[in-house]
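You will see two complexes here that share subunit A, one where it goes with subunit B and one where it goes with subunit C.
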Partner chain A sequence: MSDEPPEEVPSAAGEDDGHTVAPGRARRPLAPIHDEPPPPVTSPHRPGDEPGRGRRHLTSQRSVLERRFARLGWAFTWPALLIVLAVTLFPIAFSVAMSLSNVTVSADGFRLSGLTSDHYTLLLRSERWRHALLFTILYTIGTVLTELILGTLIALVLERLGGAGRGWMMALLLLPWAMITVVSAQLWAYMYNGVYGILTSMSDSVAGEPVQFLGTRMPAILSMAVADIWKTTPFVAIIVLAGLMMLPRDVIEAAKVDGADAWTAFWRVRLPLLRPALVIAVLFRILQAFGIFDLPFVLTGGGPGDATESLALLGWQVMFTNLDFGPGAAVAASTAALVLCGCLLFMRVFKARVGEEETGT
Partner chain B sequence: MNRIRLTWTHAAALVIAAFVAAPLYWMAVSSLKGVDEIGANPPTLWPEKITFDNYKQAFVDNNFGTYLLNSVLVSVVATAIVLSLSAFAGYALARLPLRGKAPIMVALLMISLFPTIALAAPLFLLMRDIGWLNSYQGLILVYTALNVPFAVWILRNFFLGIPKEMEEVAWVDGASPVRTVWSVILPQARPGMFTAAIFTFTACWTEFLIGLTLNTADRFRTMPVGLALFGSQFTIPYGTIFAAAMVSVLPIALLVLVFRRAVVSGLTAGAVKG
Partner chain C sequence: MAFCAVPVLLAAAACGSAAGSASVDPRDVGPASGSITWYAINFGPEGLPQKLIDAFEKKHPEISVEFHAAPNNTDTMRATLTTEITGGSSSIDVFNSDVVWPAQFGAANLAMPLDEHLPDDFWDRFEERRAAVTEYRGKHLAAPLYADAGFLYYRKDLLDKHGLEVPKTWEELAETAATLQDSGDVKYGYVGQWANYEGLTVNWLEMSAAAGGRIVSHDHERSEIDSSENRRVLDFMRGMMNDGVAPSANTSFQEPQSIQTFVEGDAAFHRNWAHGYGEANTPEISAVAGKVGVAPLPTFEGEEGPGPSAMGGWNLAANPHSDRLGAVLAFIKWMTGPEAQRMLAENSVLPTNAEVLKDEDLRRDDPVLALASDIPLVARPSATPRYPQVSNGVFTNINGSLAGSTPPGAALRAASADIQRALDDEAL
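Moving on to the complex of A and B:
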């Protein structure tokens, strides 16, 4: 019954539930001073001894202090915000400007001139862009769904495992997560290799003839998805596991007492309670998967043909291989816009549901 | 009944472990194989003759030593800067009466998830204009900016969980703000700082797209860029690549294994709590 978080649960758990960031539900500003005047003994510049005057003085001092703390807060925050603004928001704005301008590249640099929507028209007419868009969307949906299911299953197994076994399994799961994506891409490229790859030779002995994993369209897409799922499912599993361990025990006990079998208890009681954790894990993964670049760059180079060419890869190649900065910026900006819309939509749905749960209980 | 269920759980755990570990095993084993054996068909499950030639190839005959040092330098410096900026910002956003905290936090979260491809071209042009292409400071600046948002999130959540009494005493005693944060609050926030450090370091260590865009000169390549661009179109020397990859994976693997509790708490601080 205690509020102590279970063993592996972050010690960072504060009294704040994190939902307070929702706009319009901001935390009440914290005055750093208690309502009762603190014992003045230690303070060198504490006002006079008459109780009445001292109290009035204190309240005016508090608002002064509050303003001072607010100013201090900005002083603490602006260096971090400034660098983020300068290196992320400003370039994004520039990207958008570039995608809407005529870009002329010359020997001494390049110039933006005149407003145009040509780059976007070009995009919409381009078979290659439409294919990359479709591929990225379907790939994101496919891999994230698979990861969600597998990750939840793994988390359930680990939860039952308990003890030292769970600790070791968590450690093992963290390894693919912490690996350089380029490394895992090279590793899978080697295993998929048509001549000496271990998976090729395994498929040979199982099916009687070697599968060319990266040689044709569909197998290449699936092979890339498998490599991706191997690397990122552990992330989902760990988040779900942490969510599982934070569930209140009494709810599950109550379900058991009410005669719910394990299956019903999972679908009806635990899964709904897990939803916030799942939703955030999925949000992180969707955004990552949508910007996928490293894996196709190394594993397939976008091929065969343009089968595994993601939006990010297409944008990069148009910009840095063809040096078409205008259309490339249009690809990049539209990718960013899609991600932003998806993100906002998702957060909206997510917040609505959290609200529902809070009022429902 | 109970016994059977237990063994099923164990069997499932073993299967999961095997799937996760098999590719890692394959990389480790392949890095120890000779040139002929690594291209053998069918492949050998254990090297017939263990050799460290690949490691010599990677670090003596090729430039992976330089790439490794570049990665260490960029990641360590960026992590240090990220931590010092985020500690103060995270503290302010957790405790001080700022207006517009909520929108700032949401904006930071969204920025930390933004696809970096949208930044590649403008950053390339910007860095070219100020002459920071193929430099350390350019990459450090970008990595700092990319990782500040998430670090601020982790630290802010952590600060919220620290009792307020001590710092209030410090304020009342008239300690300067920077001093209060430095000597009263940071010591209590050490686990949170640690988590933020591991996350930032891992992110810098594995970042590829920006590194590929800004630092292509051989002398300034980081490990991921070096690993991706190694070899020609027709022959990919996997032995050398895996030897270098093993060396790049080991430090981060040790870090993550030893401090796995901090990592898990960070994953959940960013995800479950976010």
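Moving on to the complex of A and C:
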């Protein structure tokens, strides 16, 4: 780990100045000089070249020292690494193993035997799984998009606000985010209650007929999405706000000088520069939204019918209600694989677009 | 990559499960002493489990029992038990087990078969059907602790005011409810548990059985939900929703929501378990206390009455990993015996002990208990470990149809296909 920084620093610095490409590239050739130390044995028969020899000697010494530090570092980190392996990798690997073998529960605990793809075949042939998958994907796209738009708008307002107002607003906004989802879901359940919910009676007085928020298909999906968006938009807003505050002012000023109006400046200059912050926000949100469990668990139980059954809820039911450990593990493992692929795909597409734009300008 | 990891993990898992095994040696259960942990959802009036424990400890001073309250949700409790017991933990010695669990827990080795440890005549203390539903493949996996059944609660005051009879059929109920609603005395006619969860399977089972329908065949091999009897029931339920007899919110009601609507005075009729009577007649939490009557569930016109009630309640089961099985068995024997069962009955929890259930003195004081031993019962199709999937096939499709997203015919066909797949072991 500590071996790498000396090599990376110069090149990273070169790329950081990427907007003004020429000077960065020009500086680069200097860097390799440090990196090509000839074997130390060659130096002794040139006694006249004192400074060069000293420098070379120093670098080789430093790398020995660094290597020693690196080794020491590894020595210190291995217990922590072992714990990380035990608590994160082992359960994942175990559920993958479970999903690929025949699981029986004996008096002695789980017993895995043989290698089988039956659980995944069951999954792929199950309409219930396909439905949960479709619901989860659409729900993720829908909520994350909405949160992204709302969060960005809120961040823009907050940026304008400045001063003490911003602090207060941020604290207020963070309340929903800080609340435990199960608790906030219960609160929403009270508001959505089909007879006594405040939202139900409000809809009654507005539309003349009470809306069944959780009792009918589309309203149930939307009600759940609203509860989700209410809770997580602040998170997106805060990340985007951080991104906004990091933006260099001179670029925007330059755009204004060049005659761009506020709208163009936002779309053409600020938004593209905000990309890294947006990517982080979206990635976090995809990971969470794809694994949504607590909201449907508390609000709808997956209903009405199978309208709001997410993959995580399905996995829980297969594993702990039906006690089908193999298929349950298959649902869990495939969900993890899917969200991983989704995130990688998203990042790849995104990087490609960033690359295009940079070569374009 | 995942495939490479598997053999290594299999080896690791095999080692893991071989170590620390706690297999049960039939006759060697250890002495009836020591401290045991009892894991259960709170039941009865506040503090009842502790009262039972105190009485037990007085009789068995060499055993101490600690009560661990489980989360008030059957599925969550099952998840906790599964995690604990499959992990080989012995931190729970004895636990309350839902009446629909024995087959599933037996198939997954989550409960210890009790037959070898208890005398053969032990099971005679229960009503025959009660004891029968704790069996899986000829072995008793639990002992009945307390019973439960569905009842119809009604607004006595409103029926008296309008000179109406307690309905004997669902059709009469709908008519009576409509009359009361039209008079403006009550907002809704009927509330039950029609949300997307196992409670709907129970509500469905009762109404379907009243109409002569079934969910699965007697041998648990075939789905029988797609029948004309069941079509009649589903049409009737949808009719109740369409006519406004049942609120449209009924499709999102579990027990707490339906009872809330009833105790607020907003519903004329209410189906719930036995605890519904006490709750509706407690002035602190009920606006209709003293105005509530209890009756057996209605049947359908042309069918024999009263309608059957779903068999509910909880059993006691032993963790196969417990290292205090002697004490656990003593606890199970005492809890199902006359003294404890009488305590239950006095606290309006339905006993399972046949002798206590038939006690005339107790029946006089408790109208629910008086009904309980006479009403016909119907068991959920839980003799198969596939019951959770069967139930899922019932409640998702029926709930979907009640919420208006599927026509009744299609819903029953879909339910039938789902149930058949579950029975054939091909359902997720």
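As a working rule, the second predicted complex is superposed on the first by the 278 of 361 C-alpha atoms of A that agree within 3 Å, B and C clash if a C-alpha of one lies under 4 Å from a C-alpha of the other, contacts with A are read in each partner's own complex, and residues count from 1 in each chain.
One rule holds in what follows: a contact is a pair of C-beta atoms (placed from the backbone, for glycine too) under 8 Å apart; a residue touches a chain by one contact, two chains touch by 3 or more.
From a predicted model like this one, the values you see are computed outputs, not experimental measurements.
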item	value
First, second, both or neither for A:L173, with subunit B first and subunit C second	first
First, second, both or neither for A:V195, with subunit B first and subunit C second	both
Partner chain in contact with A:Y139 - subunit B first, subunit C second, else both or neither	neither
First (subunit B), second (subunit C), both or neither touched by A:L187	first
Partner with the higher number of touched subunit A residues, subunit C or subunit B	B
Subunit B versus subunit C as contact partner of A:R160, first or second or both or neither	first
Partner chain in contact with A:F320 - subunit B first, subunit C second, else both or neither	both
Contacts of A:L214 with subunit B and subunit C, given as first, second, both or neither	second
Touched partner set for A:F94, first subunit B, second subunit C, both or neither	both
Subunit B/subunit C common contact set on subunit A	94, 109-110, 195-196, 316, 320, 325
In the complex with subunit A, residue positions of subunit B that touch it	5, 9-10, 12-13, 16-17, 19-21, 23-24, 26-27, 30, 38-43, 85-86, 88-89, 91-93, 95-99, 101-106, 108-111, 113-126, 128-129, 141-142, 144-146, 148-149, 152, 154, 157-162, 164, 167-169, 171-174, 177, 181, 191-192, 195, 202, 205-206, 208-209, 213, 223-225, 227-228, 236, 238, 241-242, 245, 248-249, 252-253, 255-257, 260-261, 263-274
Touch list for subunit C against partner subunit A, complex	2-3, 5-6, 9-10, 13-14, 16-18, 21-24, 75, 78-79, 82, 86-88, 104, 107-110, 195-197, 247-253, 257, 260-261, 264, 266, 320-321, 385-386, 388-389, 392, 396-397, 399-406, 426-428
Complex contact set, residues of subunit A against subunit C	93-94, 96-97, 100-101, 105-113, 115, 122-123, 125-126, 128-129, 193-196, 200, 210, 212, 214-217, 300-307, 314, 316-318, 320-325, 327, 331
